[in-house]
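Just so it is clear, A, B, C and D label the chains in written order, and each chain counts residues from 1 on its own.
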Amino acid sequence: MEALFGTPRLAELLPRVRDFVSRELLPLEADHHRRPWAETFHLLDVKRKLVRQENLWGLHLPKSEGGLGLTLCEFGQLSEALARAPFYGHYTFNCQAPDIGNMELLARFASEELKNRFLHPLCEGNIRSCFGMTEPDLAGSNPTRLATTAVRDQDEYVVNGHKWFTTGADGAAFCIVMAVTNPDASPYQRASMLVVPTTTPGFENMRNIPVFGEAGGGWASHAEIRLTNCRVPVAYRIGQEGDGFRLAQERLGPGRIHHCMRWIGISEKAFDLMCQRAATRELEDGVFLGHKQFIQSFITQSRIEIDAARLLVLRTAQKIDEQGAAATREDISGIKYYVANIMLAVLDRAIQTYGAAGLSDQTLLATLYQHERGARIWDGADEVHIQSMASGILKKYGLRKPETGGSGKK
Amino acid sequence: MEALFGTPRLAELLPRVRDFVSRELLPLEADHHRRPWAETFHLLDVKRKLVRQENLWGLHLPKSEGGLGLTLCEFGQLSEALARAPFYGHYTFNCQAPDIGNMELLARFASEELKNRFLHPLCEGNIRSCFGMTEPDLAGSNPTRLATTAVRDQDEYVVNGHKWFTTGADGAAFCIVMAVTNPDASPYQRASMLVVPTTTPGFENMRNIPVFGEAGGGWASHAEIRLTNCRVPVAYRIGQEGDGFRLAQERLGPGRIHHCMRWIGISEKAFDLMCQRAATRELEDGVFLGHKQFIQSFITQSRIEIDAARLLVLRTAQKIDEQGAAATREDISGIKYYVANIMLAVLDRAIQTYGAAGLSDQTLLATLYQHERGARIWDGADEVHIQSMASGILKKYGLRKPETGGSGKK
Amino acid sequence: MEALFGTPRLAELLPRVRDFVSRELLPLEADHHRRPWAETFHLLDVKRKLVRQENLWGLHLPKSEGGLGLTLCEFGQLSEALARAPFYGHYTFNCQAPDIGNMELLARFASEELKNRFLHPLCEGNIRSCFGMTEPDLAGSNPTRLATTAVRDQDEYVVNGHKWFTTGADGAAFCIVMAVTNPDASPYQRASMLVVPTTTPGFENMRNIPVFGEAGGGWASHAEIRLTNCRVPVAYRIGQEGDGFRLAQERLGPGRIHHCMRWIGISEKAFDLMCQRAATRELEDGVFLGHKQFIQSFITQSRIEIDAARLLVLRTAQKIDEQGAAATREDISGIKYYVANIMLAVLDRAIQTYGAAGLSDQTLLATLYQHERGARIWDGADEVHIQSMASGILKKYGLRKPETGGSGKK
Amino acid sequence: MEALFGTPRLAELLPRVRDFVSRELLPLEADHHRRPWAETFHLLDVKRKLVRQENLWGLHLPKSEGGLGLTLCEFGQLSEALARAPFYGHYTFNCQAPDIGNMELLARFASEELKNRFLHPLCEGNIRSCFGMTEPDLAGSNPTRLATTAVRDQDEYVVNGHKWFTTGADGAAFCIVMAVTNPDASPYQRASMLVVPTTTPGFENMRNIPVFGEAGGGWASHAEIRLTNCRVPVAYRIGQEGDGFRLAQERLGPGRIHHCMRWIGISEKAFDLMCQRAATRELEDGVFLGHKQFIQSFITQSRIEIDAARLLVLRTAQKIDEQGAAATREDISGIKYYVANIMLAVLDRAIQTYGAAGLSDQTLLATLYQHERGARIWDGADEVHIQSMASGILKKYGLRKPETGGSGKK
């Protein structure tokens, strides 16, 4: 526990979560490569029962949903602990993306009807969900080009669109779909969020997209989806018409903290593996890998970067807890960009430290790299966050966006 | 063709090779992801016949084996052209690693008997081979720790050992195994090279090792191998007893040129894909990805690095052609390190330029990254080459290795 | 004030210090280039009186010397504030290096006699001092090669040696000299610290060494010094014979916090200048430098790094306050290396943002770069700190130094 | 001599130039720090006579001016050799910037009258000149904002303007001034080049601007200049009215080759110094700096980069020789950016290798860094060249500048 951000609740919970991960999940994950996903899902569902038995279920939930109401800064630290089992931890505790974000969103903004029908079973872990935002022909940095539409037809919306990289769509019970409902409104007020059950006629999961060669499955997959004349009740809308982007922003702030803390957990895991290798791989009599300056440089650089990342992220989490996500936009852009990059750098150094073994299935390092290379891309590419943070800073120096709408984005 | 390194032969051959790749291989490779390897092998064997028909078979072979006797500098440039189809080009022309290196080795150093039995069918493309050097418990940078042994028993060697990352072992007809035959000799004179047919009792291909999650198959795989009391005739030795490391060095010089030129071809492919994306992905009306400074930086940096890489490699190839590999050791270390790194950097930038699509199967970029991340590791890790080049330079300034054998390696 | 490290005392002092710097020092520093050092010294001595009048004198002193007894973490934050006037701030508040370190050292370890004679006038700002450690022929990373000797002759030591980069020797009243008193002891117990008044016969200030072309003067200079049969009373020794290295370590821990916080102050100054330029330099109608992605990248990268640096340093300062410097060695190495590098990177980006003006005397940026490039060298070069931090980490993984003494350093 | 670019003339000249530099200039330059510029100028004028005696005068001149008519690729290699004495070499051979560029410009584009009056004494080394382009309030990347004007008044132009970083203005006989003559023409056809003798009433050399703290003098300085109603004959115009930017481009192509080759010479000098230090600085018994991996990395990285730089630059020079500067614009941008950066990186590594000595006057390294930091700024900042090269590449992929004029620049 980083002393600066410790709380009594955390001091009580953190060792229990760490212990659970070490005891129940790490041994399982060691065989991750050799087991089909389907079997893994079954094994983890068994572990979920243990989580409940140990009263650790729902760490991320607000009190209204039966949770502990932890602050973002507290939960972030638990999220890091879960990421020591990066493939299994979050799912076992039912706080995997995008479900955790959807739970937050529904808890804050959905009607009672929607909560009863969708939020409660989600919190119980009885169903899963997905979030349909990204489109193949849409530059992520320009959401005003959203092509999915939802046209009102009496008490229903008729939804048409094409989404991809919809995480966890495979097996999900519903998808929160971002669609244009008000095409004539100002750019950021055109879209709304609709809950679309995946059983809706016209909702088609085309395939799980291979990411760095692996298509995955279940919550560990990213689907391509087509919606063709999907009809959903107007009551399945979250918030008001045109609220889509505003709600997406609300959802993203805490979501980025979750991601960042998970990435820090992954970084720590890779760091630990790298140090183990450095300390035990003998090159010649009495000379070990860890005696080499290049490897020492990997270790020192990684240690500093991980520590810096954690301090930056938890400080930002605390600021969100105190001032809300809107006041923290720049910081959130900064950490999202920074932590994604240092995680990949640490993973890469760890792979290099292991040599050929690092490419193989002897460790989880290469698999982690494959799964997480996307961190620099999804939820806003590096380039977008760099620009967005700088623009925020320069606004205080009096700089405005150039008059031609587009230019400011460059 | 880089004008500085052009020759009349090359001016004639290069367009034909490029044309073959564009016409016969690129359309096939576009579906690479969706086709099992086994089927691909069959398709490529058909293409091999076309290569013969177009009189392009054996571009890498010496005249003694019916080839054109191209210089390394000439063949290198053809190798780059083949790499525009990075998965299919070299195999279709029968110059995939490690067969090309094995052909060179056998042509130069093997007895007539070995040539007849192993080299000629290899040159014809009727069989494949592998090269058993790397061991799981052997730090690659210290070959004196080789654990595989070959004990003489009358007219045979009895070979025992454990190898891994033996490229192309799956389906190979024989393996050139590096084994200690003279354990009491000075460190670099302990090992010999033996041709071990894979049908030899005791030769076991344990598995194809997943590399970045993909186990591959056939020549596109890296196996783990165990040799248990494998008996091979003494006549299957290449060169003299104790020649192992010397021959390995002879094999590696040109081998690194081949690799580097292939990597440059891959880099050009990635560069081309990146530019296509930059020029056509519209972000908002009239503003394209290629108008953004970050992407411009990717492009300029990559263009300079690829050009630098090609000049450095071809200059080195020319130097090997003129002065031999021994006189070029520093340069070879330098290019191996440099080109592996710039290739991966260019691939990474291209992935980032495509965003989520770059992670997916929409391009070959992620697959290339998976396959080639090892470039910084095998055939000497970055760290080993950096050190080796610097030591060579500093020797001219009078610096010797420190007296404690080990320290000089650090 | 970074909220995480705020205290009531700091909340009261920090605005007053910032105000003093803005009001009294920044206007003066704006003409720094155009004024000879001698005149500057005079002007600053006037400002020192104001510091006393405003009850801000001695912020760094322990209560025993009439100070406030601030924690290192508190004083560090004031030190950053002083560094907004990087050339004048610390001197005006009498906490410039190496005097601040010497005051700490004498306060903790000197006899009453030495305190009366040397410490008190130093705390009053009536004299200055220097610290003679570095030698031209001594690799800084290996202090066991110290060549300066102090041979006991009854009640005196006879000191002979050659020092350089002795900061502030020009005009100093005394030098704390590190000299070998016990050449036969184990390596780290050979040296002692002796107070040598600069009026001692045989103490020769040879010259102020030009650093990046500027020799400076007074406390803003680095001298080359020769000691020839300098006689000092045995009572002028600080601590016991052989304590030299131990005391040097004690001195360095807090010293590095001071440096780091000063560097962070410099980084903030450069960052602020960079943002001003970015927001106001118009390139074409309505398009400003700050609209360019490259400049945005400079700004985002710098903001993240400076924030990370401050969090890392203050956390380390707090740890020293709580656990002492010995328990914090790794962290101290880490921040010394990290902060020196990010400061220079921020300065370099700021220079680049100003273009030709950044090279000129239009801003202080180039001068700061000249003065501070040494940050990566003195007080332990980057390479030494990287290695030292990694060794500390790997010790916890069971790795020891290799048996050949030397090898561990590589 | 890089074998790929050797010619018989070069094989004859290069050893003689190298010998001259080693024999006559390096010993002199060793005391550079300790000698005032004025004295240095005198010493170098003596050396100039030796250059003539050894028939090495005018290596850069076309045959029409009595030179050898070397190709750019040949002269470039001599320029590298001169840069082994970076402060003295080019001046002694009368090919220092900006005079070399002015000689080329006048030889190609000036009237006979201008040639007689200005070019011939320049070629003889009897006078010096400067080039007035940069203005303090003009973003270098946007020359259409030029504020200096030349208004026609019968047979004269009346010139008013403010220039800075006018290299070598101190002591120059004339300045080639870029001024707007046709304010209503299209942006790139507004300016003309005028020869303004520095004795013209109203031509004021305000000061030599300190660059990284050093104002220098004579040809080794950069002045701030004001022109107030300076009257020059219309016949002092070079080329036609409105030709200014076109001629500036013609001047820049070869000029960048000169700069790049000089920077490569400087890089080689720094590399050599770094290796000398690495090979001779003993850290402990038998362990030298060059045994450390960090230093080895400095050396390997630098060696590769310098070799790459030379190949890229000479290839570009050859292309200019064959196809002209216009066809080579992208390449020229690429090398200007690349070589400036690697030179500074090599200098920085060399300084770090020397430690405190590297900051001092013990070597020329810090002075070189001060003088050459501007390489990333003048003649087009990094950012401009990166963008310009990428735009050229992407044009071949069909990408045009965005319609809003400004946006394309971002």
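The rule is short, and it goes like this: a residue touches a chain if its C-beta (ideal position, glycine included) is under 8 Å from a C-beta of that chain, and two chains touch if they have at least 3 such contacts.
Nothing here was measured: the structure is a model prediction, and the numbers come from that model.
Any chain that touches subunit B and also touches subunit D is listed here: A, C. Look at the CA centroids: the one farthest from the centroid of subunit C belongs to B.
Averaging C-alpha coordinates per chain places the centre of subunit A 38 Å away from that of subunit B. Measuring from the averaged C-alpha position of subunit A to that of subunit D gives a distance of 52 Å. Multi-chain contact residues of subunit C (touching two or more other chains): 286-287, 291-295, 297, 383, 386, 402, 404, 406-407, 410.
Only residues 292-294, 297, 402, 404, 406-407, 410 of subunit D touch subunit A when the two sit together in their complex. Contact residues on subunit A toward subunit B in their complex (touch as defined above): 33, 134, 136, 139-142, 144-145, 164-165, 209-214, 281-287, 289, 291-295, 351-352, 355-361, 366-367, 369-370, 373-374, 376-378, 381-383, 386, 405-407, 409-410.
Of all residues in subunit A, those touching subunit C in their complex are 4, 275-276, 278-280, 286-288, 290-293, 295-297, 299-301, 303-304, 307-309, 311-312, 315, 333-334, 337-338, 383, 385-387, 389-391, 393-394, 397-399, 401-404, 407-408, 410.
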